[in-house]
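Shared between the two complexes below is chain A, which pairs with chain B and chain C, respectively.
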Partner chain A sequence: MAEKTKRKIAFPMVARYNEVVRYFVEEGLHQTYIMQPKMTRRTLKLGVKYAPDMVCTPFKTILGSMIEALEAGADTLIMVFGYCRLGYYGELAESILRDLGYEFDYLNLAEYTTGKNKDYLKAVKKLNPKAGAVTMGKAGLDGLKMMEDIDSVEDYYYQNCGFETTKGEFRKALKQFMHDMGKAKNRSDIDSGYDRCMEKFKSIPIDKGEFPLRVGVLGEYFTVMDEFSNIDLEQSLADLGVEVHRWMNVSHRNLHYPGEKNLHPRISEYCNYEMGPTSTANIWYAKECAENGYDGLVHVKSAGCTPEIDIMPVLQRIGADFKIPILYLTYDSQDGDAGLQTRIEAFYDMIEMRKKVIH
Partner chain B sequence: MEDVYMGIDVGSISTKGVILTKENKILSSEYIWTEGNPIGAVKKLVRLLEKQFDKENYRIVATGTTGSARKLVGTVLGATVVKNEITAHAVGTTTFHPDVRTILEIGGQDSKIILVENGVAIDYAMNTLCAAGTGAFLSSQSARLGIPVEDMGEIALKSQHPTQIAARCTVFAESDLVHKIQVGHTKEDIVAGLCQAVVGNYLNNVGKGKKIQSPVVFQGGVSKNIGVVKAFEKQLGCPVIVDKDGHLMGAIGAAILARRNKKRSVFDFNMEDMEFITREINCGGCPNNCEIICVYRDGEMIDSWGNRCERGNVAARKAAKLMEEAE
Partner chain C sequence: MDLIRMPKAEKKKGITVGIPRSLLYFRYGVLWERFFQELEVRTVVSPPTNLEIMNRGSRRAASEMCLAMKIYMGHVEALIGKCDYILVPRIRDFGIRRVMCANFEALPDVVSNIFYEAPFQVLSYDIDSSKKKDERHAMVEMAVSIGFSHGRANKAYKAARKAQNEADVKQAKKTEALYRRKDLKLAIAAHSYVLDDEYIGKPIIKYLEDNGVTVIRADQVDRKQAMKESEKVSPTLKWELSREMVGSLAMHHQDIDGAILLSVYPCALDSMVNDMLMRKNKMAHIPILQMTLDAQTGTAGVETRLESFIDILKMRREVEAGNGRENEA
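And then the complex of A and B:
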């Protein structure tokens, strides 16, 4: 990477987390952050056009949103890694973009996975050699706080928005929160934005009844968190009048992850070894929901996601043991939502009629 | 004057309708082809239902629609309930067969399995991959073999040695089938092989990991094919019940759901004379460019859908205005 003091940095679109990266780049590295437009069909089309056909859909949307970031004027791209094919995606995306003729600097974090934290520092330092360690550290911690806030706001949102008495109140508050996070310049902006949002959330009148339906959503890391990729799955479920619970998010999986060592004993009757980057956590969460009397589970994956395909037989066993219905959804680069809507509505009808018999 | 309920099921291949009393007695029923024109098919269906209907003694107070065109047709008919076909089938079947444990359903473009316990659906699955192993596959292959799809079942029963056909994917199945024809397999064996292939595909795809328990009810258009029914019985090792009204079960379910719902709206058959058209517009509000479907009744927009945000409503209204001005 060339020595440069002024950079325009961008990061592929992932759920609502781009504000966190923006905060760190602006406040920690004192560089310009380029926010590309939200993902649309165009993003996906670009990705489908230039990506290998058999790669999973998240790669296609990531590639598409990288192109949109470059079009928006970014000259430096950051890419993360993971423990499935995602580990290779950084390299693949770079070579595709270079072949297309884009010129940019590229920070592929996969190249710094030595296991030592100070090597990540080295990587980040490349983005601005002059950035001070203290400033970066502070902005990093603030950024992580923002990430936790976003996750807990989303949790509260999807567990309650289906029950509001005036349609659209929760959406409005969530929009305002993301707007506040987009403007945050320091820790107190983040904290006060969060407090305001939670206060607003708690003041919205809701009507849950005695036994609201509870559904646990789990599955592949990217698709399950990103509402563009899962075609508003959680919102569609919530709109039918369901408490939607999802454990999988960056705070839980990456920041406060209990670790395989702690999770494996809790699911020893189902699985004794690691099957993939999110498999252990998903099996554990499925069992956790089942034990806590949830009314149903929705398993989400993109087509061809091997780790998530592997855990489906385990989920089927959990479904049979605990008598909990599970809806399996596979996403590809389709944009029609009629088939998805049919399946979600049927699933809702099923768990609702079942609940009526139980109570 | 007795209150009765209408249920309409518009699938990709066929359109079904029933008028049902409180005691689940079928007053009128009809089964016609959709032929790629759901609105036209429903108009024709309603006309046929009207002919069998005694307007002096009954009136339709609620209408339910289901099937893949349920939303469009629901708008056109002014339906009180619009329900997905999985729920409609489960409700219809459990009403007529209260002890059912497994419902197998193979329709024109999709297939599903519904598991029932104590009269309530507890699990279901629907084909996700493609139309392999559905009615569409059988009808395209029957055309290739030059035999009417209705006769396939009887022909299959004559076979002693059903041909093995790769059924995982329609494209593979088709090339396998052509190959088997060319090396000299008889028509009966091929047709029987196709029926078994449908069953094998269904059990390995939709039925994967599901515990199929007796009593089993089989419905959907393909249940009229006796060859497929026998193939199911052989592979499952238990009797498979095919209701004489099995092809109407979705429509019956829709009628029952309309009855259970509190909403009431008298249906007076006059929609037959109205003109309905649909227009697809592209929103253009952002690069997502949602495709919005607008439905017009006698030139007036009555509904629109397909947009992912509020901007689409504005685009739809604008399109409606432009259309009015053009007239």
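And then the complex of A and C:
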């Protein structure tokens, strides 16, 4: 990467987390952050056009949103990696973009895998060699706080928004919160934005009844968190009058992950080893929901996601053992939501009838 | 009438370990069989894949699993009733950027969940760099778990590893010699569990050979050298099996007339690696055929594509030979 003091940095769209990256880039690295537009059908179409046919869908959306970031004026792209195919996303996306003729600097964190975590820090420092360690550290911590806030706001939102008495109040508060995060310049902006939002949430009148339906959503890391990729799955469920619970988010999986060692003993009757990067957590969460009497589970993944396909036999066993209905959803680059809506409604009807029989 | 029958005291007989003739069997078969032979444990290997095994496997497996996984489940089913244990190793990685496909990480648990009512136990060894477990550790640990001493297991492993290494080197040398042939040479890049499979891979090799092509398998290569070469082609490529193949193609691309990238549907690794290969300029001058195999039962479609690809290669050769003559004249 060339030495440059002024950069316009962008990051592919991932759920609501881009505000966190923006905060770190602006406050920690003192560089400009370019926020590409929210993902639309166009994003996916771009990705589908240039990505290999059989790669998992997140690669296609990420590639599409990288193109949109470059179109929006970014000159530097950051890409992270993961333990599945995600680990190779960075390099393949770069060579596709270069073949298309785009010119940009690229920080692919996968290139810095050496076994030592501090080498990733070295990589980040390349974005602004003059950035001080203290400023970066502070902005990093603030950013992580913002991430936790976003996750807990989302948790509260999807567990309650289906029961509001006046339609749209929760949405409005969530929008205001994301707007506040987008404007945040320091820790107190983050904190006050969060407090305001939670206060607002708690003041909205809701009518849950005695036994609201509770559904646990789990599955592939990216698709389950990103509402564009799962075509508003959680919102659709909530709108039918369901408490939607989801454990999988970046704070839980990456920041406060109890670790394979601590989660595994709770599912040792189902598997002997860690089956994949998010498998232990997903199996554990499925069992947890089942034990706590949830009314159903929804397993989400993109087509061809190997680790998630591999845990399906385990989930089927949990479903049979605890008699909990599971809806398996596979997302491909489809752009219509009618088929999905039908399946969600049918699932809802089924768990609702079941609940009436039980109570 | 005795309602309660006490189980008869069973004589302690030797155990039998079943080995599915699928997936990593074609990479570690010698190692496994020799290891158990040294320990004097009886082994039984499932028969070569046939249509029935594939169909039974498809029924057992999750519908979205790749064809190779489906076939594997068919082999496991074929071993039911023939053994006490079935060997299903868990191989996650050998170190940084030496990762196996996620399926090999999950395999023992996938098998034990799909077949949780079946009367066999899964016998597994666990290779995982995050737990600092290499192959020797893992296999010795497995032998100890079924009642062998450390010393004996260690000895068995050494002999078995030596045998596997010798077999690999011999095979690589044999394949290397093929690149020096003068006739039409076609490199075929596919996982060994595809090419060595009696039902899906071998018919393709046979068809090509019957049509006068020298088929060279990219996976049979000096692995160390191939790993090094792959780093130059694609620095963050992290899958052991893909790296060997990419390196192998990089080492030999000047010696071949064409290449076939053969995958099973829907192979996660190949979905990205094949695209990368097509993009690399180095490869751009050789004709490449990308082919994906699914659980189809007819071969006509495959044969048509292979036939036309061979025709293209032959024509290319003739044209090049013609150009050569013109230049000489």
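Here is the rule we go by: the second predicted complex is superposed on the first by the 358 of 359 C-alpha atoms of A that agree within 3 Å, B and C clash if a C-alpha of one lies under 4 Å from a C-alpha of the other, contacts with A are read in each partner's own complex, and residues count from 1 in each chain.
Here is the rule we use: contacts are C-beta pairs under 8 Å (C-beta built on N, C-alpha and C of every residue); 3 or more make two chains touch, one makes a residue touch a chain.
No experiment lies behind these values; they were computed from the predicted model shown.
S.K.: Touching A:Gly115 in the superposition: chain B (first), chain C (second), both, neither?
M.R.: In the superposition, A:Gly115 touches chain C alone.
S.K.: A:Thr330 in the overlay: touching chain B, chain C, both, or neither? Say first, second, both or neither.
M.R.: Both partners, chain B and chain C.
S.K.: Report for A:Glu274: first if it touches chain B alone, second if chain C alone, otherwise both or neither.
M.R.: The second partner, chain C, only.
S.K.: Could you say whether A:Val357 touches chain B, chain C, both of them, or neither, answering first, second, both or neither?
M.R.: In the superposition, A:Val357 touches chain B alone.
S.K.: Of the two partner chains, chain B (first) and chain C (second), which one does A:Thr342 touch, if any: first, second, both, or neither?
M.R.: Touch status of A:Thr342: first partner only.
S.K.: Using the superposition on chain A described above, determine whether A:Asp232 touches chain B (first), chain C (second), both, or neither.
M.R.: first
S.K.: Answer with first, second, both or neither: which of chain B and chain C does A:Pro37 touch in the superposed model?
M.R.: In the superposed model, A:Pro37 contacts chain B only, not chain C.
S.K.: In the superposed arrangement, does A:Pro313 touch chain B (first), chain C (second), both or neither?
M.R.: Both chain B and chain C are touched by A:Pro313.
S.K.: Once the structures are superposed on A, label A:Gly259 by its partner contacts, choosing first (chain B), second (chain C), both or neither.
M.R.: In the superposition, A:Gly259 touches no partner, neither chain B nor chain C.
S.K.: Of the residues on chain A, which ones does chain B touch that chain C also touches?
M.R.: 312-313, 316, 330
S.K.: Residues of chain A touching chain C in their complex?
M.R.: So the residues of chain A in touch with chain C come to 51-56, 59, 81, 83-85, 87-88, 90-92, 95-96, 99, 108, 110-111, 113-115, 270-277, 279, 303-304, 306-307, 309-314, 316-317, 330.
S.K.: Within their complex, state which residues of chain B touch chain A.
M.R.: Touching chain A: residues 68, 83-87, 90, 118-126, 128, 209, 211, 286-289, 308 of chain B.
S.K.: Using the touch definition up top, name the residues of chain C that touch chain A in the complex.
M.R.: 62, 64-66, 90, 92, 96-97, 99, 101-103, 105-106, 108-110, 112-114, 116, 122, 124, 126, 234-239, 265-276, 279, 292
S.K.: Give the list of chain A residues in touch with chain B in this complex.
M.R.: 37, 40-43, 232, 312-313, 316, 319-320, 323, 325-326, 328, 330, 338, 341-343, 345-347, 349-350, 353-354, 357
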